[in-house]
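What follows is a pair of complexes built around subunit A, which joins subunit B in one and subunit C in the other.
This part shows the complex of A and B:
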């Protein structure tokens, strides 16, 4: 991505698809009413994903019937998906807005480490564990703010700005923690975040809340519409009176806060803060967002697709473990799924995007 | 423009991101990976003491090890320094820990130029440090190689190695003893980074020891030596195996996550054996109320052993408990099982994860 990429990102994907009433074989096919109905719904737009997810569950059911189809197992999948899920929802916003954030994993690590330093934990002991929670959120937001300012006002390409943050945030996390695993001593913190509410882990509920909030924010608010506008055509957005700089900063702060939330969730899951937390999350999140149907070039994004994308990857590793298959086999399957999902996505997207 | 250029740019972006992250990962692995572990030998009452300990001619020993980026490696350097302190006749020169091979090479070259009496070297990469170690040996400075072996036998006067295969054997043998005659027992294994030779050695030793008593590994998952990966792998493992009798977890660093997952599942029908030997795991063993019953040690005191050997070699002494006139060429350390009974012996030298 270099600076002249912006106009290109803009003009394209949405536009080119909406263009032309030329007759092509595609047109004939899309006239079929069932297909039209299907593709008009949001499930239709995510049809490729739903199919892939269904297939995966089917494989799970066929290979390990009792163990896979089990409430406990589904809760485990959801719990494991929750951390990367929250990160991916933040990432959906940034990518939809035409940016990218490579620093999510590092921000998560830094937030977790900062929130579990001896000083913070002692402070939390004296007052309330909410101190740890707010520390994580503030650190996440702060890192996001730095990213946003660099991108919006410093004119640094998002790829580079967040790459720099990736390196320095993880480095700072290592310095803060002396590369040691910091164990959380506050019992109240563990009691609250590791609990179940009527059988549903608190982490899963947090993921659901973030997903719903994300969906509303993206699809039902001015903020969401501006995000599409900025990502679709930054010049047009500016001419339409949107303060694109401020909006870009807000997007990066938003993903930073998501990383802070994810850090809290990961701290609860592992009972620790560590500079190794969130390693490679940037790739997992980008993969989930992209197979979910969000355009990497911005202008189009879907929260539902992202959630499905995250669930597919988490279920995949669950099904593979059920069958005692190796990590390497999992990696291959992951790659294949990314390609298949994107290919299916493109087919359905092409059909459904016509008016 | 261009349905055509966009995908290209996208692809470039993705692949660059991938490459960058792979770089980061590779760095992360190496730092976290190496046989994370523990230590035992030095500092306990059994450790060497005898006529060799009497002050002799003063020797200067150069010490170089990778950066102290995880608990085990930090302990390596700390234990080496502590050991040198015990001897009035040892002057230890410690080079700044580094994961940069070229920096480490130049550190060894400095030792050669300064004409130290011996060098203790835990190379970041055994192969890459072989030439400079050879150079030191050729110039008459004995090199004691620790933990990661050089490629040439001529590059070191003596070598001290941990035993990854032996860790697997110790863990497997202990589980065999605990389980007894139950041939249907379910044994699970949580490995570290699967692509590393050390992980493969550990797993091989474990499988061999289990098959010796008619057991096998029923469920195997691999984590990445990090707390988070341990939690993830263990969560899935617990779902995959509804009933388990014993779990061996290769690494106590990732073990914190493994135990968090077990606690979350509320399961307690099995016992857990750790690996490496971190302080918090030993304390859990000592408390007696944890599912962790034992851990197998990968000594973090091998750097300290290196210091002792270097001193002996430089002073022309022998290992007094052996008949031989000269210090042996290679010492492979044992991987002992730490249980509630003997944990006190090992705690003083345990590393902080």
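This part shows the complex of A and C:
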């Protein structure tokens, strides 16, 4: 500490006041702008992901130069990424907050089916297609509310609570639709969501808006800060006065609403509602979130990483499809990417968190 | 206590140990030699390198430079397994027990008794029972889950584990911190027995009188290197030891009491509070500017009283009022909203978000102040946090580093800073100086007193009677969930308090 051993000053019990706090070389190094940029910005933290994404694009260019480097193809990739992307943004919140949601795909299916039942569509015909949109959002939020209440107040572990929701939501979707694909007849709905705005599909714009809103919510609001706190150490968060139960409920409602939005997007893309929509989306979303650098145990998460994770997986399947490689080969490549990404992150995390 | 012969055989010799972490030279040339059958005390302030040194000894860290000799042979403690094989057992401050396993399973964890791959569970239970009895804690049931034991109970299990391995050298990192007076006595008896059998003990403690009582020789560390080694524990004066550690020559300085203004309003009223099976009929009040101390044995219900007042446990009867307004039982959220703050006993697991930045840990309870419609302006937040850390002299000074990198005393200051920022009306402190070094202690005492002078009502729980008596205005003595004495701190002595808490206990 201080090298000049001043005699004890009993009258001033905060004894070390006389030495002004000196910034150690350590602090200076920490404050170096380049290092700060690297450690603080998500671009720095996601450098590996950006490189992987770039590499993937290079492979795409090398194997199918004309078809890959094409505005239409990029829009196709983005449009395909948008639905799972919105689900993954919601998933980022719930995982950062220390939970998990296995029911996202099932909630998406139930929302799409409920929004396209004969009753809903008739009502929409009589009034406005916005009825379908609200239905999807409300169903998503409702399912999320049930998940959240079970986890926060029922003390059911998230894995089990949302596993139960996965089974029952998809079952309910099958009952509602009688396992039949429901065609959307409301022309206004399709016209709105299938449109392009200056060449960019509305679906892609929606994904971008959700991602930006998600980033702001996670990094710039009290809600986001509490999410990190609850996921990082729920007991400390509780004793610090955060209403952790209410917060947990809100996290699951949030991911439910994201599923509702994703349902609307998928309905627009396919012009149908179906109980098979969103099958296995939970695994795709978790994979994208985890390779994006969000800790599965909670307390750390980035929206930018999740977006990159989604883009990597979508681009991968695009490149594979262009080269006429099978879905099975895609699945293998996907698995390899997940493992490599997580291994690299652990390396990085270990190096930066030594005492 | 055994006095080692002058030329007792050297068991362990560490020479010039250096260990660097990115940006920090945690050990910078440490020498330590331990003889067979001695109690060797390791002293030093927090951050002096004690924890790193014992991790090197336990094989958890590999030194960058230096040599380790074990019974005259150079050894390489490359992994915890290698250290255990040599006969070195470590009892960490952060206990490394598996909560979900039973006491017996924990004791034999990693060296399970088995035959042909099948566990010999009943033999393990029997042997575990024998070890616990040797430690004077036969009442701990070997089939019990460790997670349900008190911190003191866990400490005993940790020690039993070391004994089960027939260790030749046992490293104890502040074992007395979670123990009460009676249990410390028990611990010392066990240590004396061990050393008689030729086991050496490296003993780390912040309590200097313990060092005098049990130690044979002392090594003092400061800023990562050995300041002095092989000092005789009995003849070296406390003042000299403190001087070696700090350069200062004060021990605990308790700030002057200023009696609360006569008309000071009652801020916290606790009436008929009870928690089934733990405590009952607890009633007290705290005025603005007053410090009330709760003294008692570990397990007497002191911490539980604080946690129930705070709403972290749901009271089975009684009421808690802040400024006359009754709080909803079992709700931390309403307690915090009413102006109560808690610095919990388990700072790391209950108090802090270890991987988060200092400023975030401070603002976590008052971030709505920096938010407009839910949006955080992190600049004001940082500035406000920096102001408070500067006034509390938190070191290092930056607010962006993870709390994990700070020493115990500075982490405690961060917890206090949180409630300072919130302008809380009632502050509940559970073991505020656990794991805090001598110098930082006085600072924390002064800080608590200055908060009281600003009108905060403070309740302090501590295992150290001296601390309660020195800091509090009013003292409540708790025994087996009951308040057995209340009165001004000046009118009771340490001896009387001990009499009160020990009477009726199993001693």
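Everything below uses one rule, namely that the second predicted complex is superposed on the first by the 306 of 355 C-alpha atoms of A that agree within 3 Å, B and C clash if a C-alpha of one lies under 4 Å from a C-alpha of the other, contacts with A are read in each partner's own complex, and residues count from 1 in each chain.
Criterion: contacts are C-beta pairs under 8 Å (C-beta built on N, C-alpha and C of every residue); 3 or more make two chains touch, one makes a residue touch a chain.
Note that the structure is predicted; figures quoted are calculated from it, not measured.
By the document's definition of touching, of the two partners only subunit C reaches A:299; subunit B does not.
Touch criterion met: A:225 reaches subunit C, while subunit B stays clear of it.
In the superposed model, A:102 makes contact with subunit B only, not with subunit C. In the superposed model, A:247 lies in contact with neither subunit B nor subunit C. Judged by the touch definition given at the top, the superposed model places A:183 against subunit B, while subunit C stays out of reach.
Of the two partner chains placed by superposition, only subunit B is touched by A:174; subunit C is not. The residues of subunit A shared by its contacts with subunit B and with subunit C are 1, 5, 8, 13, 16. Taken in their complex, subunit A has these residues touching subunit C: 1-3, 5-6, 8, 10, 13-17, 21, 23-24, 26-27, 29-31, 216, 220-225, 228-229, 232-233, 235-243, 299-300, 351, 353-355. Contact residues on subunit C toward subunit A in their complex (touch as defined above): 21-24, 26, 45, 223, 246-250, 253, 255, 310, 312, 332-333, 335-337, 342, 344, 349-356, 360, 364-365, 367-368, 371, 374-376, 378, 390, 393, 395-398, 400-402, 404-405, 418, 439, 442-443, 445-447, 449. Residues 1, 5, 8-9, 11-13, 16, 64, 66-67, 70, 72-73, 76, 79-80, 100, 102, 159, 163, 166, 170, 174, 179-181, 183, 194, 266, 269-272, 274, 276-280, 282-283, 286, 296-297, 317-318, 321-322, 324, 326-328 of subunit A are the ones touching subunit B in the complex.
On the subunit B side of its complex with subunit A, the touching residues are 1-3, 5-6, 9-10, 13-14, 16-18, 20-21, 24-25, 28, 31-32, 68-71, 74, 194-195, 218-222, 224, 226-228, 230-233, 235-240, 242, 253, 256-257, 260, 263-264, 280, 352-353.
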